[in-house]
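I've put the structures underneath this note.
Each of the two complexes below includes chain A, the first together with chain B, the second together with chain C.
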Partner chain A sequence: MALHRNQGCNVLDHRMSRRNFVMGAGAAAGFGPLLTPAMAKQAKGKQKQILQVYLQGGVSQFESWDCKPGTKYGGPFREIQTPVPGMKICELLPYTAQKMHLLSIIRSINLKTNDHGVGRLFMEKGRTVGDYPYVGSVASRYLKNANDPLPGYIHISTRGLTDNTAAFLEAQHAQMKLEGVAPPENLLQRSGIPESVLTKSEQFRLQLNKQFGTGRSKSLIDSYDASFDQANQLMARKHLFESQPEKDLDRYGHHPFGQNCLLARRLLEEGVTCVKVTHHGYDTHAENFNFHIEQLDEFDKTFATLLGDIEERGMLDNVLIMVYSEFGRTPKINNKYGRDHWGASCSVALGGAGIQPGAIIGATNEDGTEVSDREVDGGHLFHTYMQAVGINSINDHDIAGRSVPIGDPAASAIEELLS
Partner chain B sequence: MTTFSAIPEETHEIKRFEHEEPLTTCRFSPDGRYVFAGAEDLGVHRWDVKSDAKATLEGHESWVRRMDFSVDGSQLFTAGWDGQIGFWDIDAENAQPHHMLQAHRGFARWVNASPDGKSIATCGNDLRVRTWKLKNYKMTADMGGHDRHPYAVMYHPDGEHLASEDLMGWIHIWDTRRRRIANKIHADIMTGYDNKFAADMGGARDMEFHPAGERLACAGISNVVNSFAGQQDPLAILVDWNTKQIECHLEAKDKATGVMWGVSFHPSGFVACGIAKQNGSGSIEFFKADKESIESARNEQTPVKDEEQPPSETDDKTDSKASETKPIAPTLKSYFSLAVDKCVRGMDFSPDGKQIAIACSDGTLRILEMDKKVGSDSESEEKSKG
Partner chain C sequence: MFKRVDKKWVSMIGGGMWIIIGCMNRIMLVLLMMFALGTSVEGQELLRDRIDTGIGLNPVTGGNSPSICTDFEFVRRVYIDVTGRQPTAETVVTFVSDQAPNKREQLIDKLLSSPEHARRLQHHFDVMLLQRLPKKQVEIANWQQYLFESMYSNKPWNQVVQELLTADGTDASTRPAARFILARELKREETVRAIGQTLLGRDLQCAQCHDHPSVGDYLQRHYYGISAFLSRSYLFTDPKSKIVSIGEKAEGDVKFTSVFTNEEDATSPRILDLDAIDDPMAEEEPYVVKPDNNNRGVPKYSRRLQLASELTSGANSAFRLNITNRMWALYMGRGIVEPLDMFHADNSPSHPQLLEELAQFLVEQNYDLRKLTREILLSKTYQQQSKRHTESETSEPFIIAELKPLSPEQLGLCLLQATGILQTIYEKHRVAMTKGEDSIDETATEFKTKLEALVNTEVAAHLDKVVSIFASANQSSRFDAAANQALFLLNSPLIQEWLELPENLLINKLKSAENINEAVNHVYLTVLSRNPNSDELNLASDLVREFESEQVAGYQHIIRLLICSAEFRFNH
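Our next item is the complex of A and B:
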C-alpha cells in the first residue's frame, strides 16, 4: 500500500481536540487490552520510554551520520571527530558530535524504496505493507503503565502527516498529535459553567456510555473510557502548555523545534511512554547544502541539549533515543545543488535504553552509493527498537484470539547493538 | 583605448573546456589568459584560453564558489566552504597556494579585493564581514550585524564602503573606516519563507558594483513557492547607490523558474545575468538597464500600495508611512535571451568585453563570443556592403 505524501497540510488533520480524541477511541472496536504474561513480565520494573526525533523529508546521510568528504559525491562539508575513537560525523553537527558517546550509528540501512510514504511506514512499522501499528503505538500498548492516565504516544509537530498509527491496537494507543506547544483544542473547560452543570454533564455522559455499552464488548467501552481519562488527565496538566521556562528556552532555542523539544522532555518527565518530535525541512531536492546548514544548525544544538538533559536526569538508561528519517538522499548531486530521495544506503542514530552506545553498525562503500557491510532494513530496526525497550518483538500481538507477529518474522534485531 | 564592443544577439560558443565534476563558478584572469573555475570537488581549475592547458590548484578542503584577483592581476583569491581564503600566483606552475587564511568559522562565502589593492573583504557563515590586509594577512575589521548568513560582500569602487547581502535579503552598506553599518536596504523581494518546509530561502548568489560605483547589482531568487524543489523565480535587482533605493528588478525575457547565479555590468552599458533553471537548462539574459529604459518601465507600471515598509536605521517612524502609496521598483525584462542547454552557475566577461565565460552544471566551462561568427552570412553580408 503506497501512501501519498500530504501535499497540503490541513490544519484540521492534525489538530488534536478533546472531542476527536475521545471519539477516536471507538475505532478500535473489539480489541481488548491483552497483554501476554511474557510481556507483562517485560513491562515490570522501571518504565521504558522512547524519544523519536523524526527529520521529515529525508535527512542526507552525507551531511549527517555518514560523511564522505573529498569523494565524488561527498559534497562540500567536512567530518569532525566525536569523543568515540574512529567515529566521525558531519561538521554541521558540532554539538551532537560531543554527545556521540551516548549514541550509536547504523550506516547500512537499505530500505529499497525512495517513496516518502513507504519509507516512513517501513521506519515506523518495520513493514512496508499491511496494517500494523507504529513504534509509538506498540510502546504505548506494552510499556505504558496501566495506572498512568496520560496518553502513551504523543507526537509534536508544527505540521504533519495524518497516519493511523494504532492500526489494530486500541485507539488509546494512537498518536495524540500536538501542533507545536499549543495546547490541544478544548483543553480547558469553558469558564462560567457552574459546577452543578458540569456534574450533570458528567452524569449524562456516563448514562450515554452505559446505554452505548449495552450489547457491546466491554473492551470497546474500556477503550472509550481510557481515552476520555487521558484527555481529562491532560487537561489537569495544562501547566505543560501554558509557559515554558525561559532559562530552558535559552538553551533549547526559542524557535519552534526548540520549544517542541523542551515540551518533549517535560512530557517524558511526566511519564509519557513515547514522545515523537518532528523537525521538518529535509526534502532538499534543491539547495541541499544551504538547507542542511540551516536545518541542522537548528537541530544540532537543540537535540544535543535535549540529549544532555535526558542523560543528566538519569533517564537515558530507560529512554530509547531515535533520530531517523524515511530515507536518505542520493549520492549524486543534481543540477540544482540538490540531493533526491535515496533509500538504498542511509543512516540513523540510536541511543539510550538497551542500545549499546558508541557503536557504528555497518558501512557503505567509498562513494556512499550502496551498503557494503551488514545490510539491514526497517524490519531489523523495528525489532531493535522494540528489544531495546524490553519488548520481545518475536512475540505476537494477541488480538481477540488472533496472533499477529509484533515484528516482521522475516527480520531480526541487530543483536550486536543491544547491550 | 578598448571600445568593448559586443553584440549580445550574435553570442555563440567558441571554446569548451571539460571537467569531470559540475562547476560552481568561473572568472577570467585580468589579463584574459586564463579562466579559473570552482567545482564540486576540492580543486580550483585553471585553463589557458589559448593553449587549452589545464591545471588544478589544490589546497582547499571544500568547494570553492567565489574567486577574485589582486588589482595587479598577479594573484588569485579563492573563498572555500572550509572557511579558508586561498592565495595563489595565477600562473605558477606549482599548483599550491602561497598562503591559506582561516578567515571564518564555518564557510567562507565570498572574497573581493579592494580597489586600492591592499585588502580583501570576506564574509562567512559565522555571520561576520571581515577585511584583511594583503601585506600580512592580518584582520583589519571584524564586523557583525547580519542575523542570517551573509552570502556576498563587495567593495564599492570608492574603497570606503562595502556592500553585503544575507539570506534574508538585507543589504548592509558598511563604512570601512568606522567599521560599522552606514545603511541598510531590505531587498525583501529576494527572499521568501517556504511554508511547506518551514525554512527561509534567498540572498545574493552574485553581486557586482558598476565600475563607476553608481549602482549595485545583486542576483538571486524571488517568489519562493517550493524552494526545496527549486520552485522560485530567478531575479536580480539594481540598487541606486546615491539614493540607496532599489532602482529596478531584472527578470528573464520568458517566464523562468530557477536561480540567477550571475550578474555583471558590461563596459558598454548592458547588464547580463546567468540563470540555472529548474528543468536543468539555463540561459544568459541581456538587459538594457539604462536610466531611460528604467524610467520607461516605471511609467508603464501602476503604483501599488506598499504595505510593508522596510525598517530603516535612520528613520524609526516608518509605521506612520505604512499606508503611503508609492511606486515599487519597475521590472525590466531582458531584451535578448540566449538559451544554454545546461544550468549556468557562474559567468564573467573577458577583460576586453568581447567574451563571456560560463560555468555549467555538466562540468563544462564555455567561452562565448558576443560577436558575429567569422564567415557567417551576416558578417559576409556586412563585409560585402562595406
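Our next item is the complex of A and C:
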C-alpha cells in the first residue's frame, strides 16, 4: 500500500504557525493563504479550474460508462464506439461518446457504502467520516487569486442540500449555492435609493473602516472589507443571472439542466475556480431503464455541448472535468425494473487539466458485480482531482496551529491517469 | 493561594466597625472603602491582579489612560460579551455620565446575574457542545432550556458535564442533557471526537485511524481509551413508546488497528495518559437489567457512568485546563492555548503559569464559572483598549485587547438592537406584563426572567435566519467573512422589514427628533454605542438630506450603513 506520511510538519512549524496567530496575523483570514513553495509554483501561470457535474442519486454504471451488453445483469442497451480505440460506452450517451477522446473513465471504484450521504461525502471529501472540506472548497482556497471578483466555489442546483463544505477552511471558500439560474439571495439592491447616495455610502463605509482600522488588526478588517468587495463585484455582475443568451440556450437545451450548464460555462469564463452543477434524479429504484433514457437524454447533449465549448475556448488544459455520483447501481434488477444503491463497483469520467485523456482505468468482472482490477475509492479519487489541478494533496492544510493532511494519508492519487 | 474577599462578610464587618468607630478620620474611611470594593488585601493578591501581572501589563500605564478603554468602549464591550447585544443608547449615556468610581464593577455584577447573561451562555455552550448538529432524538428546545437553567442557576461546570455524560434519556427530567450523546447517536467517530474537542481541548479526529502523523501527543490509544468507556453503550428503542435511550452491556472490549502499520492493539477505558481503568471483578450476575429486545440493558458496573467521574476528576488536568482556556478565550478573544482544541506539547500555552492559576482558582471555587468570569472582566487586561497607539507598541498577546468577531447569535441580537426591534419587543411584553397592575416589581428576578423568556421566543426565528447565514461549524476563534454575508447586510429585505415595522420604537423616536443632527447622534449611540465625530455627523446628515422629504428613509439608510461597518462587526 502506498503510504504517505507527512514528515515535513515539524515542531518548529507548529510553533511558527501558532506564533503567526499570536502576532495577530489573522491566521490567513481572507487573503491569499500562504502557499507552500510547491503550491505557489503550481498556482502560477494559468489558473486551474474545476467543473463538477454531479449526477445526484447515483447514475447506473451499466447505463453509462461501464456497459455490459448481453450479460446477466447488462440490461437492454447496447454499447457504442467512441473515437478512442477500444473505448465503448452506453448508447444512451451518443453525443458524449463523440467527445470521449477528451475524457478518461475509471471503472474500478469501490466505495464500500450504499448510503447516499456517506457516498456523497466520500466522493467530495475523500474521506468517509470527519469534518473535511469538499473538493470545491479546497480548490477555492488554494487556486483562487485574492483579487478574483467572484466567489471561488459556486454550486448550481435546483434543490436544497446544504452542507458545511468549507469545514475548517474560511467561510469565503464555502460553496455559494445558486437555485438554478436565479440570482444569489440578497443580490439585488434595495429600490428607491438615489444613485448619488449609493456612491457616497460606499465611500462612507470605507472611511468608517479606515478610521476604525487605524491601530487595529489589519488582516481582520481587510478580510471583512474583502467580503464587501466580493459582494459588490457580484452585484456588478447581476447580468449573469438576468438572462441567458438565447442562441446558446438553443444548443444547451432550454430545460433547467441546459440553463444551469450554460450558466456554469459563463461562470468558468468569469474565472470562478470551481463550478458544480447538480443534475437531479438518478435514484432509479423503479423503472431504471426508462428513467435513464430520459435523464441521460437530457444530460448527454447538454454536457457534450458544454464540454465542446470548454475545449473550443482553449480552456480544457486548465479546467478539470468531473462527472460523478455518490455511488452506482446494483447489477441485480429488482422486480420493479429498478436498480438499487451500489457502491461496490461504480465509475466516473474525468478529463481536462492534468488528466490524461482517452484512458480507461481499472475494470469490473464480466457481470459487473465487483471490481476485478485496480480497485480505488473516494480517497484515491480525491488525491487525483487535487493533483490534476496542481494541489499537492499529500501536504497539510496550512491552518494555524493545526496540521490536517489535504488528502487521506492512507490513499494516494491514480498516478497513471495524471499527465 | 489567593482568596477572594467575601463581600458579604466584608460589608458586615464594615458596618459593625462603622458603628464603633463612628466618624473617625477620613483615612479610616478610605481604607474601609478599599476593603469593601475588593481591592487587594495585604498578602492576598486578587486573581484579577494576578491576571494583569501574569500577562505582563505595564504597571505604570496599565492602570491609566490611554491604555484602559473608555467608558463608551467598556459599556459596549461588556454588554456584548456578557449579554450578547450592545447597550441601548440610553444605557450608554447613563453609564458614561455616572460618577461612581466603581461603576464598572457594578455593571459587571448587574449583567452577570441577569437572565440575558444566562441566554448568552446558553447560545455559547450550545454551539460549543453540540456544534450545530440537527435535531435527533431530543427536542432542541428542551436542551436549550436545560442549558439556560443550568447557566442561570450558575451550576458548577463539573456537574453540568457529569449530567451530559450520565443522562441515559429514560427520565424526562434529565433527558435534555442526553442530547450531547443522543444527537450523535453514540456514533464513535462523533461522540469520542466531541468529548476530546469540547471537554478535553484535544481534537483526536486523526487518531481514530492512526497515531496523529504530526502531533506527537495524539495517540490512537487516547482515542480508543475514551471510546472504551462508551463501546458497551448502545441505542435502545423502547418497543412500545419508540423512545430512544441509552442502554449498556456488561461486556465487550476495544481493539484497534493502525492504517499505517496494520498493528493491532487493545485498550481498557482510560483518559489520555492516565491509568487504564480495569473493570471490577466479574460478578456471577453482571446485570441489573439484562439486555434484550424489550429491555434496556443496565449493567451493575457501567463504564459510561465511570467516564463521567474519571473525566471530571482532579487527576485529569485536561478537564480544568480546557474549560479555563475556553472561558478565557470567550472574553479575551483568544485562548492562552490556541486553537482551543489543540492542547499538545508542541503547542505550548502563551502564559502557562497563568493558565494553571486560573484553573486552580476555578477548582477552588467549585467550578463556579461566574466567579472566574467576574475576575477576568475586572482585570485591567480585559479592559485594555483594542487600539494600538504607536507602531512600536508591543504585539505580545493580550497586552492590547483583541478584536472579537461577533458570534452569529451575538450578531443577530446586535442587529435586532441596532434596528430597534429588540427594544420594541421588550417594551411590548413589558407593557403587557405590567398592564393594569401597579404593584408589579419590574426589578424582581421572576419578572425579569419571564420577560426575557417571552422576548427570546419572539426573536428566535430572526436569530435563526442570521445564524444560518453567518454560522460555520469550525471550532476556531478565527474570523471568517463571505460575500453572501455582506450581501445580507447590504441588501436583505428582512432587515428592511425590521426597520419599516410601524411600531418600531427607534424609528418613531428618530421621527420625533428636533433636527437631523440629533437623530444621527441617536443612531450612532444605538448602533455603535458612541457619538459621531464632526466629520461623521456632517457626512451622515448630508446623506439624510439627499432623501429630501423622505427623512425617515434617510435614517434607515444610515442604520443600514453603520451595520455594514467593521466597527459594528467586531466587539472591540
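Heads up, the rule we're going with is that the second predicted complex is superposed on the first by the 352 of 419 C-alpha atoms of A that agree within 3 Å, B and C clash if a C-alpha of one lies under 4 Å from a C-alpha of the other, contacts with A are read in each partner's own complex, and residues count from 1 in each chain.
Assume a residue touches a chain if its C-beta (ideal position, glycine included) is under 8 Å from a C-beta of that chain, and two chains touch if they have at least 3 such contacts.
Small disclaimer: the values here were computed from a predicted structure and weren't measured.
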{"item": "Which of chain B and chain C A:335 touches, first, second, both or neither", "value": "first"}
{"item": "Partner chain in contact with A:236 - chain B first, chain C second, else both or neither", "value": "neither"}
{"item": "Touched partner set for A:402, first chain B, second chain C, both or neither", "value": "second"}
{"item": "Touched partner set for A:201, first chain B, second chain C, both or neither", "value": "second"}
{"item": "First (chain B), second (chain C), both or neither touched by A:213", "value": "second"}
{"item": "Touching partner for A:184 - first (chain B), second (chain C), both, neither", "value": "second"}
{"item": "First (chain B), second (chain C), both or neither touched by A:410", "value": "second"}
{"item": "Chain B versus chain C as contact partner of A:159, first or second or both or neither", "value": "first"}
{"item": "Touched chain A residues, chain B compared with chain C", "value": "C"}
{"item": "Which of chain B and chain C A:146 touches, first, second, both or neither", "value": "neither"}
{"item": "Chain B/chain C common contact set on chain A", "value": "9"}
{"item": "Residues of chain A that touch chain C when the two form their complex", "value": "3, 5-6, 9-11, 14-15, 18, 21-24, 26-27, 29-30, 129-131, 151, 164, 166-168, 170-172, 174, 176, 184-190, 192-194, 196-197, 200-201, 204-205, 207-209, 212-217, 220-221, 223-228, 230-231, 233-235, 396, 399-405, 409-410"}
{"item": "In the complex with chain A, residue positions of chain B that touch it", "value": "21-22, 40, 42, 61-63, 81-82, 107, 125, 149, 167, 194, 196-201, 227-230, 258-259, 276, 278, 280, 342-343, 361-362"}
{"item": "In the complex, chain C residues that touch chain A", "value": "189, 193, 203, 205-206, 208-210, 213-215, 259-260, 334, 338-339, 342, 346-347, 350, 386-389, 395, 397, 402-403, 405, 472-474, 476, 478-488, 490-493, 496, 536, 539-540, 542-543, 546-547, 553, 557, 561-562, 564-567, 569-570, 572"}
{"item": "Of chain A, residues touching chain B in the complex", "value": "9, 57, 69-70, 72, 75-78, 158-159, 256, 280-281, 283-287, 289-291, 293-295, 333, 335-336, 338"}
